[in-house]
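Scrolling down, you'll hit the structures one after another.
There are two complexes below, and they share chain A, which is joined by chain B in the first and by chain C in the second.
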Partner chain A sequence: MIAPRPMKHNSGEIIKYSVSPKTNEVRFPDHPKEPVILHVDMDAFFASVEQKERPWLAGKPVIVGGDPQKRCGVVTAASYAAREYGIKAGMSLLAARRLCPHAVFLIGIHGEKYEYVSSRLVKIFRQFTPQVEPYSIDEAFLDITGCERLFGPPMELGRKLKEKVKAELGLSCSVGIAPSKLLAKLASSLNKPNGLTIIPKEKIRAILNPLDVTELCGIGRSTAKVLSHLGIHTAGELASYPVEVLKRKFGIVGEWLHFMANGIDCSPVISGAIPDKSMGHSRTLPRDIDDPKQIASILLGLSSLVARRLRKGGFLGRTITLRLRYSDFFSLTRSETIPRPTDSEHAIFKVAFKLALGLVSGIRKIRLLGVSVSQLIRDEKPLQIPLPLVEYRDKREEVYSVMDRIRDKFGEDVIRWGGATVFG
Partner chain B sequence: MDQEINQPIEVMAVFERGIMLPVRFRWNGRVIKIAHITSRWRTNEGRFRKKHYSVMNQNSEFFQLTYKERTSEWFLNKIWVE
Partner chain C sequence: MKFTIPKSKIYSCVQTVMNAVPTRTTLPVLSNLLLEVVDSKLKIAATDLDVSVITTTPVTSTKKEAITIPAKTFYDILRELPESDVEIHVTENRMEIKADRGSYKLSGIPAEEYPKLPSVNLAKEIKMPGEDLVRMIKKTIYAVSTDETRPALNGILWQTSGSNMQMVATDGHRLSRMSLKNTKLKGLHEDVIIPPKILNLLLKLSEGEEKQLGVIFSENSLIFNLGETVLISRLIEGPYPNFEQVIPKDSDKKLMINKEFLTGAVRRMSILANTLTHQVKFSLKKDILELSSINYDLGGEAKESVPCNYSGEPLEIGYNSSYVLDILKQLEGDEVVFELGTEVSAGKIYSTQKKEGEDYLCLLMPLRLAE
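On to the complex of A and B.
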């Protein structure tokens, strides 16, 4: 039996709900109606954007990938025609070329173009409901509860939304509709590409039970492996497994797994921006390095990018993390928490470089470096800085401010610190 | 495959309902008439915008153009070569 209890969503919001002990049915006391959630997943998004731009590529195997010259030679997206040859995101371009030599390879990721298309998608979604939560660049959740009077039943709304996306952007998407985000996301994945799937309340168990646990959103390979040791392979087996045992094995996640397998997900669609927990940048280097001067140059460049984002967002951070990958692909991270939160690239660089120096072995060269800052707080700078704090403010603060203003006006690449690597 | 060009070009454009659309451009001594704009998007360069257009001519040749608001310049960024 599942006791009724409030659940803290990762947004910090407390969601009140109760669960029927007999049917496992979720009830939302604060919600006058059963929620209707729609999940949109764009079909092979990056590849489709490129095919729309280059009409002669429609229906052909198209592979979008990183630049091998920058040693980022992996598949980022593959059209459905390319997927038929077994090509998947994350695979090396070399392997993809072996599987499908006649595919069209579009090298270089045009992030800004995809972000622009993504922003236009969100504008389309907002024509149907103000409750839109972009989940990634090509996915979003929409709370369409109560939209029937404007757009008809959920299936009709889903159809209209697909038509609008196709008409305005020339792209196809898969839509899933269900009483929760978890099930809506599952629904959109059941019938791809160009699908429109609804999971009605009465069919939840029948659809969930035979599914492999890895098909549930959030269960990765490592969790699936542990579950497999418990003899759990399907969502049905997970749903009927004693929740207390799952809690002992996985902690709080065990309860979450139990809820998920039972189709219970009370997380709301959050239409506002979700606050960042950390900000970071990493780069695969053009060639492996172990020279401290080069490492310093790259880390100052990365620290500048991170600090600029912190200042732009109005954040300060305390924990600085260095991410490093050696030439043999062995990766590790090291963190240090500083006494006072900062948004200064030099403070971030100082820590990151110190951490890096401890990891330069002289045996293995470095392939990738990354810097991130977490434990973020809002920067609430007083108009007049109290005197005792002045000494703690970075002396370069005025320079940062001037550099930020120049970047705001002319773009990010127009000014940099001497010695810092510029990342295009 | 795409071939990077990144050369400044002369462009003739029209404004349609507040949207700037290129209609023809001169490159390498050729005047290329745009038959179809297949895609357009924007990026930012500081407070200025860069407007990008993917276009095709009557012979289905593909070009990618960029208008830089900061300097009021047009560039031919890419062409498609088989």
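On to the complex of A and C.
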């Protein structure tokens, strides 16, 4: 028998396996063939956190939203009581107020509180399995394959998890359990709120087929529209539609649609933090502008926010994207990729401002500006230490680190670059 | 244009200029060679707009004429021709090559479409020993950076000052510097950054020749005159980073070791080193150097002890083994010295054997030891 070589899992963890001497079959003692994936989705997360903090709000329609004074008034979360009035995330606060005038509006609340609760949630999940993939601030996938001996059958584990979240944080969540991430996420959405749903292998088809395509993860309004032109309305219709035609219509996404409708999903649960794909900030301006000086000031402010976040997360990015909305709501994005990854606000600003100048028109003023950085890589100290050649060192880097330290200690808006707009 | 020339002569001229013909180009005429007859001289030239190579050879034709013809095709024809005289005849953008038994015709592009080559002002030429130049290039060129985000490092810095000169190259991880004293140059003060392509060409074309060669410094190009052949290159724009500053001044950790022993040991370590980092660990104790490497993918481990001369504090430091071997290859003599600081600072590496008037130094930055 050949000595087994350690094999690496996506998570970087080494998986041990053995080869059966008789059948030559590979066996993974910790990973039986059938995966069991659990998806947790918090119920009306932001609103529930607020209700927990202010018990007198329990059961009332609560709406968490942006600040209409700053012209960014949309609903970011609504409690279930509020949802009964037809209020959904993303609608304007004005519309929400019209639908439910007596709702409690919590406006302009900082996200850090939610991030903290989210990190405590992940800690609870890790008590069940180390394989936890936070998917967003209020969602996570857990690979609970082989956890039966510790916590009982999957349904039992799901129940224990829900109890623990309720007991420690006072929040309710919906849990879905299935053989894949795709189906687990679907399962958790089937009985919301406070649901616990399992999709066993033999019931996949029966559950999937009647579903409206928009209930599948990743199919939004525009995709659904194209599908309906093809006469596809349910997941069952999508599943039996010829994959070649889908591919021609949607490209690579077509194939993915086909797999999804058939419940096929092999993506593994990747434990660790959410891999960030891009970091960005945008602001609707207090009034419309077209003066390059003001644009520069806004962009330097936004670039500072982005760069600060990059440095906080330990990332460097290469592609800088400018988002712009004119006063007539016509929106554009422009991006440029720079040769060397950066976390410097001045490098980001330089590109963003150049892109913006190309879009300033004498006719339309600008209503919204956004700066984001993508193609992120971890800013890890390279193993090969560089020679400290002067040409290489950006003097500003030292200033950045001092500013970061001041912000860590006294708050984000106590210090800024001259000329930069400060965003609260 | 009509002249007769021994095949071997024109073939070797074409072979020389072929080095400058770009393999891919957006300007089709650059895939051609420029042939020009002026004052009984045949000039053959090629350029990729960065480097140009021009050779001249006497011919009997006197009329001033020029044409460009596809380089590769012309070269292939000449290569296959038997040894004898060939007659070249150009009329109306067509060239006919007549040899012993046959004739070969091909079409060209008018010479006017060929980019204008930099002019060579022989009045400003400085003669210097080709041997010195070649030696300096050979000792430094391995450290030139290929990282295009730092253009100044993509070439060798050549500094001449009075009768001293030096060449420096670095890729940001290692640095090589070769200085010569008392050269025959007097009063020349130039700082230029030379792309490696022309230097490699110079190494190739001056192989074995130990004669004088001419150098012309001009505004933004550098010209080497090898007699029949002239090499022209654009220069890289500076400034070159201040490298003097990164050369450690003094050190209390001096390792002296036999070069052959060390080279052999590092080679063996590199076989079982991590295939990405090529890391080999140097563990220094009194008069003993322990080398080790680990490759987790192979489950491989290597260890070796090499006797040496070391009396400093014990030190553990990691290096990229291929960088170490690159440097050891360049050092002459039996004994080499590593002057070290900490496990994260530059090491100064040189040979105990020094040539009169010459100073050769290599710097190497360590790898962070993972653990």
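Everything below uses one rule, namely that the second predicted complex is superposed on the first by the 330 of 424 C-alpha atoms of A that agree within 3 Å, B and C clash if a C-alpha of one lies under 4 Å from a C-alpha of the other, contacts with A are read in each partner's own complex, and residues count from 1 in each chain.
What we mean here is this: contacts are C-beta pairs under 8 Å (C-beta built on N, C-alpha and C of every residue); 3 or more make two chains touch, one makes a residue touch a chain.
Here the structure is a predicted model, which means the values were calculated and not measured.
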Query - Dominant contact partner of chain A by residue count, chain C or chain B - result: B
Query raised in the report: Thinking of the overlay built on chain A, is A:Pro339 touched by chain B (first), by chain C (second), by both, or by neither?
Result: second
Query raised in the report: So, does A:Val245 touch the first partner chain B, the second partner chain C, both, or neither?
Result: neither
Requested in this report: Go through the superposed model and pick first if A:Val414 touches only chain B, second if only chain C, both, or neither.
Outcome: first
Requested in this report: Identify the partner contact of A:Leu357: answer first if only chain B is touched, second if only chain C is, both if each is, neither if none is.
Outcome: neither
Report task. For A:Leu230, select first, second, both or neither according to whether it touches chain B, chain C, the two together, or no partner. Result -> neither
Query raised in the report: In the superposed arrangement, does A:Val399 touch chain B (first), chain C (second), both or neither?
Result: neither
Query raised in the report: Where does A:Tyr116 make contact in the superposed view: on chain B (first), on chain C (second), on both, or on neither?
Result: first
Query raised in the report: Hey, which residues of chain A end up touching chain B in the complex?
Result: 49, 52-56, 104-108, 112-113, 116-117, 407-412, 414
Report summary line: chain A residues touching chain C in their complex are 5, 339-340, 381-392
Report summary line: Note: in the complex, chain B contacts chain A through residues 1-2, 38-39, 41-48, 52, 54, 56, 60, 62, 70, 80
Report task. Using the touch definition up top, name the residues of chain C that touch chain A in the complex. Result -> 148-150, 152, 170, 172-175, 239-243, 245-246, 277, 279, 299, 320, 344, 346, 363, 365-368, 370
